[in-house]
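Each of the two complexes below includes subunit A, the first together with subunit B, the second together with subunit C.
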Partner chain A sequence: MSSGAPPEGAAPKSWTVALRERAVAALPPEKLLADEQPSYVSSWIYVFGVLSLASLGVIIASGMILALKGPGWWHFTGVGHFFNSVHLWSVELFFFVMVIHLWGKYLMAAWRGGRVRTWVTGAVAFLVAIPCTLTGYVSQQNFDAQWISTQAKDSMNAAGVGSFFNLTNFGQMYSYHVLLLPLAVVGLVVAHVLLVRKHGVVPPFELPGPAPEPVASNRPAVDAEASS
Partner chain B sequence: MFLVMAVIIDLSHPAQTVHWHFFTMSVSNIVVIVLMLVVFVLAITLPFPGRRAAGRSR
Partner chain C sequence: MKRRERRARENEAARQWNGGYRPYDLVREFAIATGVVLVLTVVLAIVFSSPDDPPSTIKQWSRSDPVDFVTTAVSELDGSSTTAGYGPPYNHNGEGQQIWFVHLQKWLGVSHPIDTAKDFVLAPLSAITGQPALPGAVSAYRSAGAKQQAAWTTAYGSALGKATVAAGDSISIPAGSYGPLATMMPSLLSFAQGGGLDGALLTSRQFYQTDYTKPLLFMADGGVLASRAKAQHLLGTQWGMMNETGSYPGQVWLWLYTFWYQIKPFSTSPNADILVLAVMGVLTLAFVLVPLLPGISDLPRRIPIYKLIWRDHYRSL
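Up next, the complex of A and B:
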């Protein structure tokens, strides 16, 4: 009876091992959770990238609470109003900071040096987040949602996509809003962050003159002094 | 609380819009866009705190 174990010295055939080896080769732990970054990462533009992630976290957390409690709660109770507002304003903040991050990265030509996939996942995440938000407007379960959905369906029909989805179908729009589109946004954001970790952030444009950039560390200051 | 807010910011009216030739946009949207541009300019011009100090430590 065979034990299933590979012969000594032979490479294992298991797909889990192959996947693990591929993942570790692409993103070794010291790269995935790096403790040092180039000095040009010290920029407000990356702060806005992190703020986008933080806003997305608040959006998802508040959205889960709203889904748990339902429309009666978010329309007719004080705490429900509060979480409804938290959800709305975290979305406003998400787009505000994400667009600033996007503008900055566009002007840095962040797709340079083999970073096309990093740029594309970020830009597509922004584009997918827009219908994710718009389906939220038609999922409110109030007159505002009725007005928006009936107006929006005309533009969708005029664009020729009205046969694929129906904006006045609450069940369909709610499914899009709480499952399909958030899944796509989160997936793209995760891919974007992993690609940033894999390829690093784009270096500044080279200017004439010497001086390679020094390295900034997020280790404690004592370490930095000891190693200098 | 809601009453106090309603007194400070009266939202019981249609949105005010700016019309200029083909351009039509609500004042609130214009305010947000201008604010984004201001924050963006500040983000690329203001020095990042601690950057110079970190560079000297190496």
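Up next, the complex of A and C:
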């Protein structure tokens, strides 16, 4: 009998149960939605992570309103132009706070302690957000779209990407902008946040010199799960 | 202690926090952050709005600068325009860009075939009705040999240097041996000025259209887009890749990408795009793999900004 077979008389574990058990073991609810955090998390730099998430939320909400009314709406209505402006400025804010968040995490060497995947997912999310924005610019149906698409096409063509990522094809770019690339960004951000919840925020560097007495924990010991 | 050992020890020490915890409301923090971002974006939207310069059209271009329009059309006809000699993915008339022995542009082939003479000039002219002399002129041009065609287009192209704009935005050129072009080009100009060419270049195999490749490439071969872009500081030499119309921040996150185009050898290379992409590819990979790069990953320990970030923690020790 193979070692993986269920005990005699026991029902075989379904895929659903196995997935649930694995998910709960990796990220129990009290860790996913924690109501406490390490005492060292006490700086304004930590705010920029959640501000990035909030900006992404506003980008998606304003983008959904623009998508509901169609790509031409915002050009000839005041309300539409307002929502386009909200969309634009939430993107600018998103990149602004995300860059500060990234620098903060770099200066904290936030990949220590088995958090490399957290850094990688965050960095790739930032990178995927760039073509997401580019496709937005070329989907605007105005002079910016004409100029940016005719200029940026040369880079895409030089890389051989132009055959399936044609910046002068409005229909294709609009599909990338409202579905494919946002899906990728959101997926990466979700993975990034789950990894943050799983491994926690990186502790401070130990200062040079003799190690100080550790501060006693005020909660039961947690399992050491931070392997990447 | 060796650097590798120190890194391993630091890495291990950071796996788990055994110190104190304090109460924290994750959902409340996210709600407040969303509120702050929402207020900020609404205020920015109300105060600064967003740019929306109307697009150029071929109709508008052919009316405002008919000489440039006809000059561009002749270059499409004789194969001297940028698009005509571009190479993949539009045609086989150029090699495309390369880096060392890597010819990605050529290898990926022609996916959006464009014959500029046929698609931008001859086919639209063939669709025009009500001009008895035009079908004969188009037929004469098509059936002429390459040498004869070149003689006509060269003569017409040279004459355009002395062209003047006449009444009704038509153009007047000195008399010469232009063959059928003397009939074709005024007809194309008139068709474009009536808005016909905008539609003709969009028409493909089906009713619904979303692909603007042909009209955009045609306009990009002329001066209409570039002159507007220059006035708006959007040219490549003006860091234009990251700018947008008006005084808006644009895609500032592309500053490093745009930077390479401003310096040699990129600014003068015919393979600038692929070279810049290669440099950015390496830098991008390094950015993603920062945690694994010796030196770069050690820097945060050497820069004392972490002491500022965790000052409350260090004070409490």
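In this section, the second predicted complex is superposed on the first by the 193 of 228 C-alpha atoms of A that agree within 3 Å, B and C clash if a C-alpha of one lies under 4 Å from a C-alpha of the other, contacts with A are read in each partner's own complex, and residues count from 1 in each chain.
Here is the rule we use: a contact is a pair of C-beta atoms (placed from the backbone, for glycine too) under 8 Å apart; a residue touches a chain by one contact, two chains touch by 3 or more.
Only a predicted model underlies this, so the values are computations on that prediction, with no experimental measurement involved.
Look at A:Q146: by the touch rule set out above, it reaches subunit C but stays clear of subunit B. More residues of subunit A are in touch with C than with the other of subunit B and subunit C. In the overlay built on the shared chain, the residue A:S85 is in contact with subunit C alone; subunit B does not reach it. In the superposed pair of complexes, A:I100 makes contact with subunit B only, with no contact to subunit C.
Of the two partner chains, subunit C is the only one that A:V50 touches; subunit B does not reach it.
In the superposed model, A:V116 lies in contact with subunit C only, and not with subunit B. When the shared chain is aligned, no partner comes close enough to touch A:W15: not subunit B, not subunit C. Residues 39, 42-43, 45, 47, 99, 104, 107, 214-217, 221, 224 of subunit A lie at the contact with subunit B in one complex and at the contact with subunit C in the other. By the touch rule above, subunit A contacts subunit C in their complex via residues 33-43, 45, 47, 50-51, 53-55, 57-58, 62, 74-75, 81-82, 84-90, 92-93, 95, 99, 104, 106-109, 111-116, 119-120, 123-124, 127, 130, 133-134, 137, 140-152, 154-155, 157-164, 166, 168-172, 174, 200, 202-207, 212, 214-219, 221-222, 224, 226.
Subunit B meets subunit A in the complex at residues 32, 35-36, 39-40, 42-44, 46, 48, 50-51, 54-55, 57-58.
Listed in rising order, the residues of subunit C touching subunit A in the complex are 10-27, 29-30, 33-34, 36-38, 40-42, 44-46, 48-56, 86, 88-89, 96-97, 104-105, 107-109, 111-112, 210-213, 216-217, 219-220, 225, 228-229, 232, 234, 236, 240-241, 244-245, 248-249, 251-254, 271, 273-274, 276-277, 284, 287-292, 297, 300-301, 303, 305-306, 309-314, 316-317. Those residues of subunit A whose C-beta lies close enough to touch subunit B in the complex are 39, 42-45, 47-48, 96, 99-100, 103-104, 107, 214-217, 221, 224-225, 227-228.
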